[in-house]
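Pasting in a structure now, in structure tokens, and then I'll have a few things to ask.
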Amino acid sequence: MLKLQNVSTYYDKIQAIKNVDIAVEEGTVVTILGANGAGKTTTMNTIAGLLKPKEGSIHYLGEDVTGLRPDQLLRKGLALVPEGRGILSSMTVMDNLEMGAYHRNDSEVGADLEKVMKRFPILKERKSQLGGTLSGGQQQMLAIARVIMSRPKLLLLDEPSMGLAPLIVADIFKIIKEISEAGTTVLLVEQNARQALKVADYGYVLETGRVVASGNAKELLQDDTIQKAYLGH
Amino acid sequence: MLSELINPYYLQIASFILLNIILGVSIYITLATGQLSLGHAGFMSIGAYTSAILTLNHNVPLVLGILIAAIFTGLIGVLIGFPALRLQGVYLAIATLGFGEVIRVLFVNWEGLTNGAIGISRIPHLGREILSFSQSIGIEPAAFGLRNNQFISLSVFLLLLIISIVVIWFFIRQNNSRIGRAYASIKMDEQASEAMGINITYYKILAFGQGALLAGFAGALYAHMTAYISPSDFDYHRAVEILIFAVFGGSEVIWGPIFGAVFLSTLPEVLRAVSEYRFMIYGALIVFMMAFRPQGLIDMNVMNWFKRSKSKKKEGKHGTGSKENQ
Amino acid sequence: MVLEVKKISKNFGGIQALTDVSFSIEQGEVIGLIGPNGAGKTTMFNMITAMFPPSSGEIIFMGKSLSGLKPHEITKLGICRTFQNIRLFSDLTVRENVMVGNHCRLTTGVWQSVFRTKHQKQEEKKVLEKADEILEIVGLLEHSQTIAKNLSYGQQRRLEIARALASDPKLLLLDEPAAGMNEKETNDLFDLITKIKSLGITVLLIEHDMPLVMRICSRLVVLNFGEKIAEGTPDSIQTNKEVIEAYLGVEEEEEELA
Amino acid sequence: NDTKDTGGQANESNSDGPVKATVGVISYLTGSGASYGEAITNGLKLANEELKAAGEVDIELKIEDSAGKQEEALTAAQKLMNSDNVDAIIGPTLSTEMFVVGPEAELNGVTILGTSNTAEGVPQLGDYVFRNSIPETMAIPAAVEKAIEKYDVKKVAILYGNDDVFTKAGYDVMKQVAEDKNLEVVTTQTFQLNQSDYKPLLTKIKSLEPDLILASALYNEGAVILDQARKMGIDVPFVGGNGFNSPEVITIAGDASNGLIVATPWFAQKDDEKVKSFVEKYKEAYGVEPDQFAAQAYDGLYLIAEAIKNAGTNDRDAIRDALAEVKDFEGVLGMMSFDEEGDIVMDPTVLIIEGNKYIEFE
Amino acid sequence: MLIEQLINGLTLGSIYVVVALGYTLVFGVLNIVNMGHGEIFMFGAFMGVVVTNSLGLPLYVAFIIAIVVTAILGYFLERFALRPLRGKEGVSHLAPLISTIGVSIFLENAAHHLFGAGNKPFRTSFSDMSFTVGTTTIYYVQILIFVIAILLMAGLMFWLSKTKAGKALRASAEDLSVASLLGVNTKRMITQTVILASAMGGIAGILVGLAFNSVNPQMGLSFGLKGLAIIILGGLGNVRGAMVGGLILGLAETFVVAYGDSGYRDAIAFIAIIVILIVRPQGIFGTATSGSRG
């Protein structure tokens, strides 16, 4: 479904990712692991069109999408929840949710809205509060609810569990599972490697901008070097 | 011999450039705490009028007049600094622009004091005062082989040169100290600075006051350099011009506004040949410049580069700014 | 007693972020402030450091009421914090960031700075030494000349702690220092907090990383919907029904501690 | 024809060709007042062409822009005096600029002739400072006097631009005149440069029913004021100052300009050979009728040329002395002389706009 | 006289509103004060002069041409003065302010060359049409100006708060990359906004020409400064605020002249904003955005 070939991205002259090859099969959950600064966010932003790769190509649904803008990609069903959540802080919760469906013109937007409100009751309660005044966890809920509103085919999540209470973290992973089961392909970046590998089918490990390991999620979970580096054993 | 070389025209330009450098630094100081002021033309006019009125109507000696004017403007700056604390970014810029306009309108209307739009003329002229002073102690320009007008231009130039150097030295020193660090941190994150124990009220007002003082000082010098002032000398265009010095040259380091002042004050002279189009060129240049170097010509990197190439000569020390990732 | 929080409430235009929360901290403790997202933990930090005034209640630090003080005065008294979203002075070097942290312990004014008096030179020397000392502690000494924004995320978190330490705090407030860190980095953080504790500094810690919290804190205060729902040792909190229900969750807790 | 005569006298001194001289010009060429500077330089260029053709003096003009700013005027003056070594200077356009440049020219011993400065105190700046523009103290009383005679004026309203030296100086004169003539001033209103909306103050003036409106305005604002006033039904005559006098008033305000009375050294429709030929040539060269700025500049250069001719040399001091000596010089403005201070001595003409034309006001 | 002054004030105020709306729109979306807006407005006014006086075409053509020309200028302004600054590292928030000041200097001086420095007459038969109620003469132009101001405001308000495009605009204002992730073509959005704001400037320019028969290259600055004051008065980026601020300023200036000292007319706007900012820093209608949290 998604295929990165030999992708390199730079910030001015600093190369943040180097010749990255990543493939995501339809219907799977794939996770990218790596230490801080390894280039995970850069990879995600490159896929979503926020950054332009200097080399390499990105194919999505069999089509070359290298260099397309985020809004063009979203129309093709590729959505990203960015690191730091990307809540529109001066707009209300409701406005944020509606913006999730910005590119949609179908009649089911209203029904979807009802659905996510039901899934995240706190949002319904706070629907006219400004996004910026929500607590961290509430914002994360909103970000996920909002992306659901866009009905993505491929969903990119950048550290969705960051700064969340244990209960919510569990909840988030449950939601990721649900989303995946509902037929959406998920590409997930996580610090919380253990849990990420648990929900994932396949994993990649990034180190200073390069893919240093990849494999079946279950295998990675057992891998010694991986355990040492990312699972704290 | 000497008199061949000393051309009052060039000295005149150079003196105005030095004056603009002081103005550029004055806005840099306020910007150093992240406060954007478009009111410096207003401060300048307060300084100019104060010194002009004191020296002309109250026979205050020139030097004293200029100093009182600077300090008085600084105090006004402190007063303005308090409400300014509540404003940020564009709000502050426009409110200070408004302050400048209000001052100008006030000076236009306050005829008893300022003579209104007619302005104040026959203000003691810096150079001519120096001339008559040196003559009174028996030194004639002819002794150096200079004509009177050369002597006047030269003495004004030298005086401004010394003042500018002192001003720059002062603020460079201040920058490399506890005060400078406090300014820098406030510019980057006010709340965090406050949480780190920095009295942001004090420092923001200090910076605002210092900027105003310096602008008032420059204004007083201006009054005594042209010997004539009127409210329209300190209008919107002046305020914008001063700001552009800082932003064009770069507002991160003190050399930015200095460079900006030098470059932009020389430009119109260079463009005299195409004088009809020079302001169009000036405008286009600003747009062009912002597109290619929005941080201004001189920024941290340029300074670091300078420093590095200097220290490289001394020893092969490691540079800063490189990425050090795990 | 280092800090005494007395019936603090905070209302943000209708949203009740804190309701009559009281707790106290003893000298030398590492105390954890935990609770679900939106429970009011960060708000509590903001109350203690006077970022916002409380709607009601009082906070006493070393026997002195903090009411009406400005944030910088509180820092001077000996309370310093880190931020949930990192807020470094991003264009300054690592060392300069730490030096800014020490600002409130210095006295040189404008004139002394400009004329480089003896006093100023001594102070400057001292602050440099102190900065390097602290950078050594947090393990950033080799990066002292790096511009803060070029540090990696984990390093930035540690720099924030270093900056706060530079103000010679008696009480250090840490807001989710482990957020965004992997388990290895979290372990390093554990060591760092232990070190800080051994310096005699009292620590109040907000954290969602339960293994870390349970290992390092001697006592926990749990907030939920702005109210204190429990307080006690890690063991007693872990078995507290209300806390499990509101915050820890059942299965997860077992797994996390496995 | 007079010129020819005087020219004849000087001829003996330059038997070996015309006297060569460089004359610096400081003019307002860029910025909001550029229209004045343009008229001035046009007038100068035209005069210089004629002078060149006449062959008695060979003047090179060095024109510098001041953008209406004192510093730039000063720098320009320094450049002219010290780099280009000019023998005399014409300009600068604004009185404010002259206040700064005048003393500097005095110091350098360079004759400077203002052709458009009307503020008080300009010639008094120094021995080397002259002007051939009539000050408002001369023009306004002449116009007001005639208006009172004709219209039996008792009540006047005064209107002036308070943020401009030129109009403010004009106002001071108007106030004085009103006092001297025992007129009742029903209201005094101010406006600012480049203002667009004068309706509030005109509404107020209208309600007070003055017999005459004294308006110290530059034509730019003045024309718009006239237009808005007439639209509002204010049909009393206006008396303007020097700056109000321009053919542009008619272009901008059209029919509304009728009833404007100004005293001016310059009357383009004057039945005079010199004037007719000047107007014709000017129109041919620049496509518009010359205004007083052009005319004053035109005469200004002739005055300088006369001085150079009489001096017979381009020595700076000699030029000054010769200029001070000029008596009853016949220019397009009329007969001109200088008083001891270097101020112009001449009789202004009072004009009124009627039928969209300036005519002499009797 | 009171009624007449009231009408004067409302006319002036309405023009201020239309000028201010252009600023507000750009600020609301880009968080940039477009200092070149005043000069674009001035070009609009000159288009009116050129079309009706020089070419002798009817008024409605003038409106069309002015809108087209100012829209094109807006496009160029966005393209050359704003777009290059966007998304660049290390761009201070002053940079767009300065580059649009550059544009304003350029345009003002270009106008000097193209149209001459002085006032240009703008006479149309429409601007002479009036009717009389009692002793008060009211010009149709005055009514037209008022109506256009109201329509533009209402249209903008509806567009911003009720339509999807308006929401997208606000989202773009807050965070460009987030907006683009949500499917907004931000580049086009921004260009459209600047063009729209500029076209509104063009309309305002013609209205001023009609109302005052006064068009000159400096009018951009004098109206521009008032426009700036108004958007601060009303709260930056707030459409209703611009409306109320503009009308209040128009009335205040008129009444200062009518019942106070006309010398202080130009100071009113700024005295008002200084007072407002001290009492209510977010402007009359601005909402206090709770500062960033710990």
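By letter and in written order, the chains are A, B, C, D and E; residue numbering begins at 1 in each of them.
Here is the rule we go by: a contact is a pair of C-beta atoms (placed from the backbone, for glycine too) under 8 Å apart; a residue touches a chain by one contact, two chains touch by 3 or more.
This is a predicted model, so every value here is computed, not measured.
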| item | value |
| --- | --- |
| Set of chains whose contacts include both chain E and chain C | A, B |
| Relative to chain E, chain with the most remote C-alpha centre | C |
| Selected pair, greater C-beta contact count between D-E and A-E | D-E |
| Approximate Å spacing (C-alpha centroids) for the pair chain B, chain D | 36 |
| Rounded Å distance, chain B centre to chain E centre (Cα mean) | 32 |
| Separation of chain B from chain C, taking each centre as the mean of its C-alpha atoms, in whole Å | 42 |
| Touching two or more other chains - residues of chain C | 12, 42, 49, 51, 81, 83-84, 152, 154-155 |
| Chain E residues counted as touching two or more neighbouring chains | 109, 221, 261, 263, 266, 290, 292-294 |
| Where chain B touches two or more other chains at once, by residue number | 105, 108-109, 191, 276, 279, 323, 325-326 |
| In the complex, chain A residues that touch chain E | 11-12, 48-50, 69-72, 74-75, 79-80, 82, 86-91, 95, 98-100, 102-103, 130, 132-133, 146, 150 |
| In the complex, chain D residues that touch chain B | 29-31, 64-65, 67, 69-72, 74-75, 78-79, 81-83, 96, 99-100, 103-104, 107-108, 119, 121, 161-165, 167-169, 172 |
| Chain B residues touching chain C - in the complex, by the definition given at the top | 170, 173-174, 177-182, 184-185, 188-189, 191-201, 206, 252, 300, 318, 320-326 |
| Sites on chain E touched by chain D in the complex | 1, 4-5, 8-9, 11-12, 109, 112, 116-121, 123, 128, 137, 139, 208, 211-214, 216-219, 221-223, 253-255, 257-258, 261-263, 265-266 |
| Contacting residues of chain C [partner chain B, same complex] | 49, 51, 70-72, 75-76, 80-81, 83, 87-93, 96, 99-101, 103-106, 108-110, 113-116, 120, 123-124, 127, 142-143, 145-147, 150-152, 154-155, 163-164, 167 |
